[in-house]
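Next come two complexes built around chain A: one with chain B, the other with chain C.
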Partner chain A sequence: MEQMIRESKKREALGRMKKESIRNLCLGIVGIAGLLLLWDMVARFGIIPKNLIVSPWEVVKTLAIKMSDTKPEGSLLLAHITSSLIVALSGYALALLIGIPLGLLMGWYKAIDRLIGPVFEVLRPVPPIAWIPFTIIFLGIGLEAKAVIIFLSAFIPCLINSYSGIKLTNQVYVNVAATCGASRWETFCRVGIPSAMPMVFAGMRISLGNAWSTLVAAEMLAANKGLGYMILMGRTYGRVDLIMSGMVMIGILGIIFNAVFDRVERFVLRWRVTR
Partner chain B sequence: MCRRGKRRLAGGWHGFGKACALPKSNKRKAAQKDGVQKMKKKLLALFMALVMVSGVMAGCGSPKEAEGEAASAQTEGEGQTENKQAEDGQEADEDEPKELTKVTLSAQPALHSLGIYVALDKGWFEEEGLDVDVLTYIAGAPQLEAVASDSWSVGVMGIAAGVTGLVSYDLTCLGFSFWDYSSQKLYVRPDSEIALAGQGQVEGYEGIYGTPELYKGKTILCTKGSLGHLQLLATLDALGLKEDDVNIVHMEIAAAYQAFLAGEGDAVCLWSTFSADGEGEGLIPASSCEAAKLFVPSVILASDKALADEETTQKIMNVIFRGTMWVNENREEAAQYYYDLCIDEGVTCTEEYALSYVQESDAPTVEEYKAMFEGDEFSANLEMAMKYYIACGTYSEADMDKVMNGFDGTMLMNAIEFYEENYAE
Partner chain C sequence: MPLDGKIKLKAEHLCKIYFSSKGDMDAVEDISLEVKENEFLVILGPGQCGKSVFLNMLCGLEEPTNGKIYRDGTEIHGTDEKISMVFQRMAIMPWKNSMQNVEMGPKYHGVNKNVRRQSGMRFLEMVGLKGFEGSYPRQLSGGMKQRVGIARAYNADAEILLMDEPFGALDAQTRYQMQDEILRIWEKDRRTILFVTNNIEEAIYLGDRIVLLSKRPAVVKEIYDLSHLPRPRDNVSRSFMEMRKEITDAMDLGLE
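Right after this comes the complex of A and B.
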């Protein structure tokens, strides 16, 4: 009897969650549809002049044309996407590889914090675009230079969140680990890092957004392919459809990455209690 | 906003003081602490007020400056107009202020726009009854984006931006001011195989260095959509090559020059003061507009709004043409204007470069202008530029029609006539 009640409660909870996720999906679709409708009306009725905005359908048409036509900027849409993905993900990966361990170590070991903290504070306010002249001189104009521009914008949230996350480790857990005879390093690995993970993931999510938003700046450095380059060329040739297509593509890729990221986060942090 | 913040701070402090009943011995300390806090808050409020005021001032700075400049130019112009009238023996009624028509022009810190700045300085716009604001843009792309939001009515720019203006922004070409090819060059390093091969190896294009094979697969740093890009396309065409035969990397000119000096790329497209700098660094001009036989003019474009007010636009054209002819006939003085303009707009320039650039640049005489527009020389130049763009896929054949139909030289011809009647010696 008790089991039946438990199962029915579980079913009820699952049903509620399903209903809620359907409702959330519907709300999301309505929001996007509303935006598209508003955008279409603004373009269709000339509320904003035609040489400043094109309708969503024209953007779709341009994206379809760009699948097989290299004109006017010289590359296919797929080549632009691939190039941008390589640049953005290289910089992002670099930011994760350096930012997260460094933030965790700085948060756990005071000596590292005191050594690196002031340098980080000096470099933190410098906008990534300001580094372009130095990256040209020291790294040239290839992938490395562009990845470093992305890295500079994605690195900061990774480091700050990892640092804050590990700083917020519950002292009780640390004491328990010490009582059980764990070394400082073991406590760092087995208590500090897991407890910092929710904040680390939040930082990774912010970094991903930063990496995409710096793409145009990175491709301003030098490019002959990429979504940022496509936008720049659209600007040069006065092609609003090309500009908006590039923007929409960056947005779509951002949504895809966010969805993938959600799954990864849910899997890695499945132990976390969620409300 | 400022007042609301102040009231909130003051109320908070006052409330705290009333609510706390402190022992007598602690009262003095508390009073001192409160005093310090009060002072801190006052300082904070003062600092925030200063930040806000400076923000507001900074935001309002540009238009005020522009107004000030316009006002001073107007005063100066009116003074000169009066002098001229006095010279002509006409009686000017000083009590009756002249009503000026307000117009906004756009220009670039380049020789093709210099006539506008000279006319502004000499007060020639006011003589024509115009109160002119000039918006200066460093490149064609932002200049064209501004016309889309009606920021200016008539503008002067290079042909690359001009073609975009005709194709994508439905502007009308009213004519041109100067030839725009003298400083556009493709540079290579002195030890590159192209430079070492020397000139005279391409039949019909003796000024170009190297052979077509030497250019194949080379990485060329270039600002796409600029006249430098057009010059590169003309060079490749002269070599019998296509855009795909080389690797063109799009970079802004300053970054491209810096990267090239740092060892990136095999060649770089430079113009204006960067060309002079490049030659100063010992770079070799492997090709140029002249070497590739690309003789392109700068263009004067007008929006539909400007065309609707034909009388005002004609006056603008009269003044621009007068300014251009003055630059053409007074090269040394014009070089000083050019140098000052570059410095004002933050463009690197030296007096020596300004002099050599202005003196070497080509501008037609009045007779040559007339011949160009009476015949089809000007439209042939536009057509030639478009052919290169069409060949590389930037524009289509349909765009060619837009460019060729978007030209109307009537106002420039009227301006030439006006100039001959009033100012030509």
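Right after this comes the complex of A and C.
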């Protein structure tokens, strides 16, 4: 093709791509704006009674006030967030630290699977919330107890995904490592684990969601700080704005977690064919 | 030609049966074979005839039900440092770049990083992948991936290279290219090669000798000496065609 025509065709194609990405961004903004508008309408025109719902703007106002005002429940917004983050992340970290290695080992070594598999199958159907009373008896109501509840909810997807991920390891890779002189342990570390990584990450993502959404339940354990506690206090004081602010904050932090997670995943799994 | 060289690898009455309560599967009945040093030996057999099982026994991935394997006159068991393998397809790790794939052998044998990087470079260069050390398999074409596989087998410091239908998954064009490529590499750096294929033309194009296997359970049906065909071989020459006809007639196509 002639250089001139080629150039103009290229400009055209790039323009189309840019237009499409702008359009996709606009659609996303319209969706969020639509939700905010609907929410505002419902609150403004009293479709749901005023004492049961507040408008988005009032949520923003409450969040702003809570930056510097400890009333009514006794802590600043930032303190609540920090407390929740510590609880959620320590439970989550514990789940990763135990769930992933255990799942990988169970998936690779049959004897470990036979040993721990049945125990796991018995404990698995018990919902994390059902552990709360038991946890209180043993650990009281401090950080440890809450972290354990979150751990229980985040641990299972981690373990299951690591387990099935490493089970799917292509036998050819195992053979390659064997003919290259790798020991069984080296094969586990150098072949099994990397090949399981995409599934492990999928499990970590599910776990993160579980951990974050169990937070409120964990903070029902007579906490005195945390976003879940703030929501509960909102109910006690009849402050709908406080409840909704807490919910919005949990949502926003969830989005941030996901974005950070995406980055990490893309870096670690950079060898993978991009979707 | 290397036909009167010393015997590098010897299989004696190798047999493989997979036992099962639902019915046994006889894969290899009895294969005895002598491979000369630096020879390019092709093992030709119909699909599913047990040729891969035979190779797997030689490189120690599967234990023979019966029979013995000798390397340089000594009996060997399990995997052997001097024997490496090029696998059929996609056998290079997607999470390792070309260099990391190629240096696997030396790495597991505890070779120092600088040393193995250097020899890795040498073999990547030899297979024509200079400049692709840092590329991940997803960025390489099928032919390039198989070159990585060949470089890895060479870099394992192995004296015997087993190749299990290495070009079976490539398109026809690339396959011809890779056949020339493997001969070029072999002529540059002579090793003993056992090359398994089900493609008669490929067998005649590459081999010093061809071992023809029967259909499953495999036995050695015939051994052809091709040293009278000069290299590089012309796959439409008269002698080539005659050889091709002879082998085609002798080969079980595996149809019951």
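Just so it is clear, the second predicted complex is superposed on the first by the 248 of 275 C-alpha atoms of A that agree within 3 Å, B and C clash if a C-alpha of one lies under 4 Å from a C-alpha of the other, contacts with A are read in each partner's own complex, and residues count from 1 in each chain.
Quick note on the criterion: a residue touches a chain if its C-beta (ideal position, glycine included) is under 8 Å from a C-beta of that chain, and two chains touch if they have at least 3 such contacts.
Fair warning: this is a prediction, and the values are worked out from it, not measured in the lab.
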Inset, instruction - Please work out whether A:N51 is in contact with chain B alone, chain C alone, both, or neither, and reply first, second, both or neither. - result: first
Inset, instruction - In the overlay, answer first, second, both or neither for which of chain B and chain C A:R272 touches. - result: second
Inset, instruction - State whether A:T179 touches chain B only (first), chain C only (second), both chains, or neither. - result: second
Inset, instruction - Please indicate which partner A:L232 is in contact with in the superposed arrangement: first for chain B, second for chain C, both, or neither. - result: first
Legend entry - Comparison of chain B and chain C by chain A residues contacted: B
Inset, instruction - Once the structures are superposed on A, label A:M4 by its partner contacts, choosing first (chain B), second (chain C), both or neither. - result: neither
Inset, instruction - Mind working out whether A:M197 is in touch with chain B, chain C, both or neither, as first, second, both or neither? - result: second
Legend entry - Which superposed partner A:N224 touches (first chain B, second chain C, both, neither): first
Inset, instruction - For A:A111, select first, second, both or neither according to whether it touches chain B, chain C, the two together, or no partner. - result: neither
Legend entry - Complex contact set, residues of chain A against chain B: 49, 51-52, 70-74, 132-133, 136-137, 140-141, 220-224, 229, 232-233, 235-239
Legend entry - List of chain B residues in touch with chain A within their complex: 141, 144-145, 148-149, 164-165, 167-170, 221, 224-225, 243, 247-252, 255-256, 258-259, 262-265, 392-396
Legend entry - Sites on chain C touched by chain A in the complex: 56, 59-61, 79, 81, 83-85, 87-97, 104-105, 107-109, 136-138, 152, 156
Legend entry - chain C-touching residues of chain A, taken from the complex the two chains share: 170, 172-173, 175-183, 186, 191, 194-195, 197, 270-273
